[in-house]
Amino acid sequence: MRSVPIGRFAPLVILVVLAVLPYSTLQVPVLFDGLLNSPGTLQLLALCLLFGGLALSYDLLFGFTGLLSFGHALYFAGGTYVANLALTELGWGLGAALLLTTAVGTVLPLLVGSVALRVSGIAFSMVTLATAQVGSILVLQDPGGYTGGEEGLALDRGQVPDAFVGVFNTVNLYWLALVYLTVVYVVVSWVTRSRAGRVWQAIRENERRVEVLGLRPYTFKLLVFVLAGLLAALGGVVHLLVLGGSTPRTTTSEFTLSLLVMVVLGGAGSRWGAVLGGVLYTYLDSRLTDLASSPAVQDLPEWLRVPLSEPLFLLGSLFVVVVFFVPGGIAGLVDRLRSRRRRGEDDGPAPGRVVEQLKDRVGAGMSGPRDGI
Amino acid sequence: MSTIVLLTVTGLGLAALYFLVASGLSLIFGLMGVLNFAHGAFLTVGAYGTWWAAGHLPGAGSTGWSFVLAVVFGVAVGTAVAALVELALIRPLYERHIEQVLVTVGLSLAMVALVRAIWGADARPFPRPEWAQRTTSLLGANVPNDRFLLIGTAVVVLVAVLVLLRSTRIGLVIRAGVENRTMVTALGIDVRKAFTLVFAVGGAFAALAGSLGGVYLGSISPGQGTSLLIFAFIVVVIGGMSSITGTAVAAVLVGLVQQYANYYAASGVGDLSVVLLLAVVLLTRPSGLSAKVA
Amino acid sequence: MSTTEPTAAQRPVVLQLTDVHVRLSGSHILQGVDLTVRRGGVTALLGRNGAGKTTTVKSVLGLVPAAGTIELTDAAGRVHRLTGRRTHEVVRLGVGYAPEDREVFGGLTVAENLALAERRGSAHHPDRVYELFPELQQRSRQLAGTLSGGQQQMVAIGRLLLNDNQVLLVDEPTKGLAPLLVTEVAEVLARAAEEVTVLLVEQNLSVVRRMAIDAAVVDNGRVVWTGSASELLADADRTRELLGVATSAPLDESRSHSSSGAEGRTREDLPARRSRSAPAPEVGG
Amino acid sequence: MTTQTEPGPPRPAPSGGGGPVLRVAGLTCAIGGAVIVSDVSFDVAPGEFIAVIGPNGAGKTSLFNLLSGLMPATGGTVTLAGHDVTTASPATRARRGLGRTFQSSSVFAGLSVAENVRLAAQARLGGSLRFWQRVRPDDEAQQVATRSLERVGLAARSRDLAGSLSHGDKRKLELAILLATDPAVVLLDEPMAGVSIEDVAGLTEVIGAVHREEGKTVLMVEHHMDVLLGLADRVAVMHHGSLLALDTPARVTADPAVQEAYLGDAL
């Protein structure tokens, strides 16, 4: 309880610091190339914040409810492509495009979820993976030339408010990403502490027990699936504006897997852990790419240079190391360091537990408990 | 008629590819409870191993027996990598399934990235033996020979796996382990040896699929394994998760549906209909087509 | 039953549990179990449901994480520490296990179930099992999952007899079996016990009475009573106190001494509307 | 104290007159050729307390699983308060007033004790889908939860994680969860298993009080004969998946067939 005053205000303090950050002209030598408020740095930071929010939306599914979806990319990609098509092809305004994206971002996960959630465990994961693959195929097939195939789809900037166009306005995109992250954080905080949030946690712990209490887990899982999908779709719109286009990379299963990596890295079931995981992953992904092309690496002997030139190799390896040695991710580590044994009611689940909990969902149905639960 | 023959044989060839990948996946899942995301990487390793051997390994090449040698090399590398992964990374996490799955996710990202770092992201032309490039006339259709190569290999592998499972002691251990691992250890059997074996065998099949997939597609790229893996996953789920015969049936079903739909509807519709097939099977028979091993 | 059983103190120890603790998902299930199993005959492990009998057996096999010391003394007098060993290693040292619910492999044939259990250099041939259970020989090619509960139990016990074991851990072998089969299983166990020590978890006290030399009673994760089985079962009060079941004394008499206070009140406070003339019980076939 | 369980005169019929609250007819469950529960039929009057006894593996827990919908019946019907619920989901049966506890305690280990019970209260009171409404420490569900916890004597531990409770306390928590769902028919599966002797009296007290004061219908599987016979109006004896007998405690315990099945033939 003693850490509550700090704990309660920490997000607010961080928000304020992040909000005023673009006014700083600091030079952070190793971490960032240019000044802190240079367009390049701000765009990287905007992406970090955006993926922090996206990772949190995934954690709502995975960490808080125990749903291992492999198709979260579908809703994010759906967001960028639908908004892009509305703006570029239909020539709609941003507001109308946002409305359409919201509608699609609700209906699409509702449709997929209502089918996928009829099965559980690995089968659920596979159905989500397969449906997301449909999205990926659709985008790459480029039906009617609408999606741009492998090239991606550039955004018609004429339909976007001027404030979000041009290098000088990168700061506005940064703030937009910050707003997105804040919205996701507030929504996730709110709903996980809501009446339904209690049920989600209970479903993660023991789904059949929830059923015996007279609640239909299906409805609750569908609710959280749609909510997480919608948050991801909105993130897609922000991604579209920050990048100035849609890229097919966001549709791939690899993209969903990287979301899983982010969440586990930061700590599944922890709000700030997931955000931190998303931020860190995105930052490393970008900086390691820069590092690979830097002279320092280019001069290295080949056996060192080659692996270092692929950020995903380093991130993948880092992830394996984290799974092995830091169960519960960063949040789990901090939790252990604080060694708080009892957790207040407003805290999320212990990050390490989530992964432990999901064991049964992935297991091969071994000789389990025999009396029904 | 000739179109139907060609489509059918091509669909069966694709099914053979899916089966090679999926059989290992389903054995690993059935016995160890691990959904192996690194399986696509094993495939990529096998494909690049074969490709490298054909160009660099003395005695190996792209024709006749020298191509066979190249494939043997690629499969050996794939097997070794799979066995190593099991021993070094999966075994220490014994019975911690979700962490094992996460490790394979990390590996799938890292290994594909490593291949990309070494040989680049672009597709490379794959050595194709001359025989595979020719066609054979079958019921009026000119069927490319590589289809027969794929189907023949898959049938041999299917028979070999069934023989292994049904008439060897290790097969007995695997079948029993799929039912109840704990009880197998309680009979004094170190079930982890079977784990390593199954992982290595699965890796070998995936690598073989990589080599033959290279012949079939004519080129290889680092991401090939991952996209094949997703269809292999679908095959495994439709086939009932841990059944070899179920997997074989599901592979044929998926391969044919995909080919026919792609031809008669439009390119890409085949992939969609496979997903639809998965949804239909899961909704009508939640445990897949078959729930028995072997 | 053998009439010249050596007294407990004379028989050498085969299995020794000292201060064994098991914690599972937050629950402290075994809270310092001390248990000695002596060579020869049957030692019965008794106790109420949920007292920790099955967990005790599983802790020996390493199927649950256990703290404390568990030692096996083989026939040559060598002492093996079992704690910390993996299950298959424990079994190879000569600990046979027939789990509660039998757990035969339903998708394997009877012959395959037995073949699986045969360890390298195993002492006996499946024929020995078939001699004991001729019923199994006829069904050797049948899937074990299609056998009756009693036949499955024969497979579960039969597979223990294929190897030379120091001690057999048998968990509720008569659970859910028809009376005739209970007798049959008990006979087989008795025959096995002539050759190898058996630690038997059993609820059926008549089986215990017929076979067990020693008995230990577990309650709340501790061994609360050890001694001679016949002594325990001869003392109805103690049996009821320790096991929560009435034995030879008629139930409705014995209850009047010890029933909890709730009983008396229950009857007196019964609301008048409550009825005994509920529909007549239909006894299912 | 006197013995109260002699075969007494039949008590008057329930004035409610609404027929049985639970009717089981020909209930059968066979899995892969093995018959687990075989043609079980009985009626339970409102407010009745039925003890279910039988040797291990006789099908008592399976019967409860069939009643609560966790296992599918392969034959027969289950009627709950006049509604056929044979094919209904566990959730539907729970909403129709059927509650149960589990043999192996299955509380939500990662949630606090209070949250466990709150969830149950919330399930009954409705509005669980309100993801926009934050949980308040003073709402009705919370009050019900607090009362239930006080009732079983766990109020002091309400902020602890349920997983950290002792076995006996988990059992009490199960009861509290059950109380909070306020079911008309209560299935208790060995509520005393693994509970220390001191706790048995307390739990018996709570169960007795629930039955008496709230007029709940109770079916309880239990091995503690003392507990059972003190509480039960009728005793059902299961054996090999069948209902061997269902009668007053005194008659059942005097039945030689029951003695043989349950207590062992040699005793």
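By letter and in written order, the chains are A, B, C and D; residue numbering begins at 1 in each of them.
One rule holds in what follows: contacts are C-beta pairs under 8 Å (C-beta built on N, C-alpha and C of every residue); 3 or more make two chains touch, one makes a residue touch a chain.
The structure presented is a predicted model; accordingly, all values stated were derived computationally and were not measured.
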(message) Let me check something: if the centre of a chain is the mean of its CA atoms, which chain is farthest from chain A?
(response) C
(message) As a test of whether you follow the contact definition, which chain pair has the most C-beta contact pairs?
(response) C-D
(request) Averaging only over C-alpha atoms, locate the centres of chain A and chain D and give their separation in whole Å. (result) 44
(request) Would you kindly tell me how far, in whole Å, the mean C-alpha position of chain C lies from that of chain A? (result) 52
(request) Please compute the C-alpha centroid of chain A, do the same for chain B, then give the distance between them in whole Å. (result) 31
(request) Two or more other chains in contact with one residue: find those residues in chain B. (result) 180, 182-183
(request) Provide the list of chain D residues touching at least two other chains, using ranges where the numbers run on. (result) 109, 161
(request) Provide the list of chain C residues touching at least two other chains, using ranges where the numbers run on. (result) 101, 103, 106
(message) Per the contact definition, I'd like the list of chain B residues that touch chain A in the complex.
(response) 29-35, 37, 89, 92-93, 96-99, 101-103, 105-114, 116-118, 178, 180-183, 226, 230, 233-234, 236-237, 241-242, 267-268, 271-272, 274-275, 278-279, 282-283, 286
(request) In the complex, go through chain C and note every residue touching chain D. (result) 25-29, 48-52, 101, 106, 145-146, 148-149, 172, 175-179, 203-207, 209-210, 219-220, 240, 244-248, 250-253, 255-256, 258-267, 269-279, 281-285
(message) Touching residues of chain B toward chain C in the complex: what are they?
(response) 169, 172-173, 175-176, 179-180, 182-191, 292-293
(request) Sort out for me which residues of chain A touch chain D in the complex. (result) 190-191, 193-199, 201-202, 204-206, 208-217, 219-220, 223, 227, 342-345, 349-350, 353, 357, 369, 371-373
(request) Provide the residue numbers of chain C that touch chain B in the complex, in ascending order. (result) 61, 63, 86-88, 91-92, 97, 99, 103, 105-108, 112, 115-117, 119, 159, 163
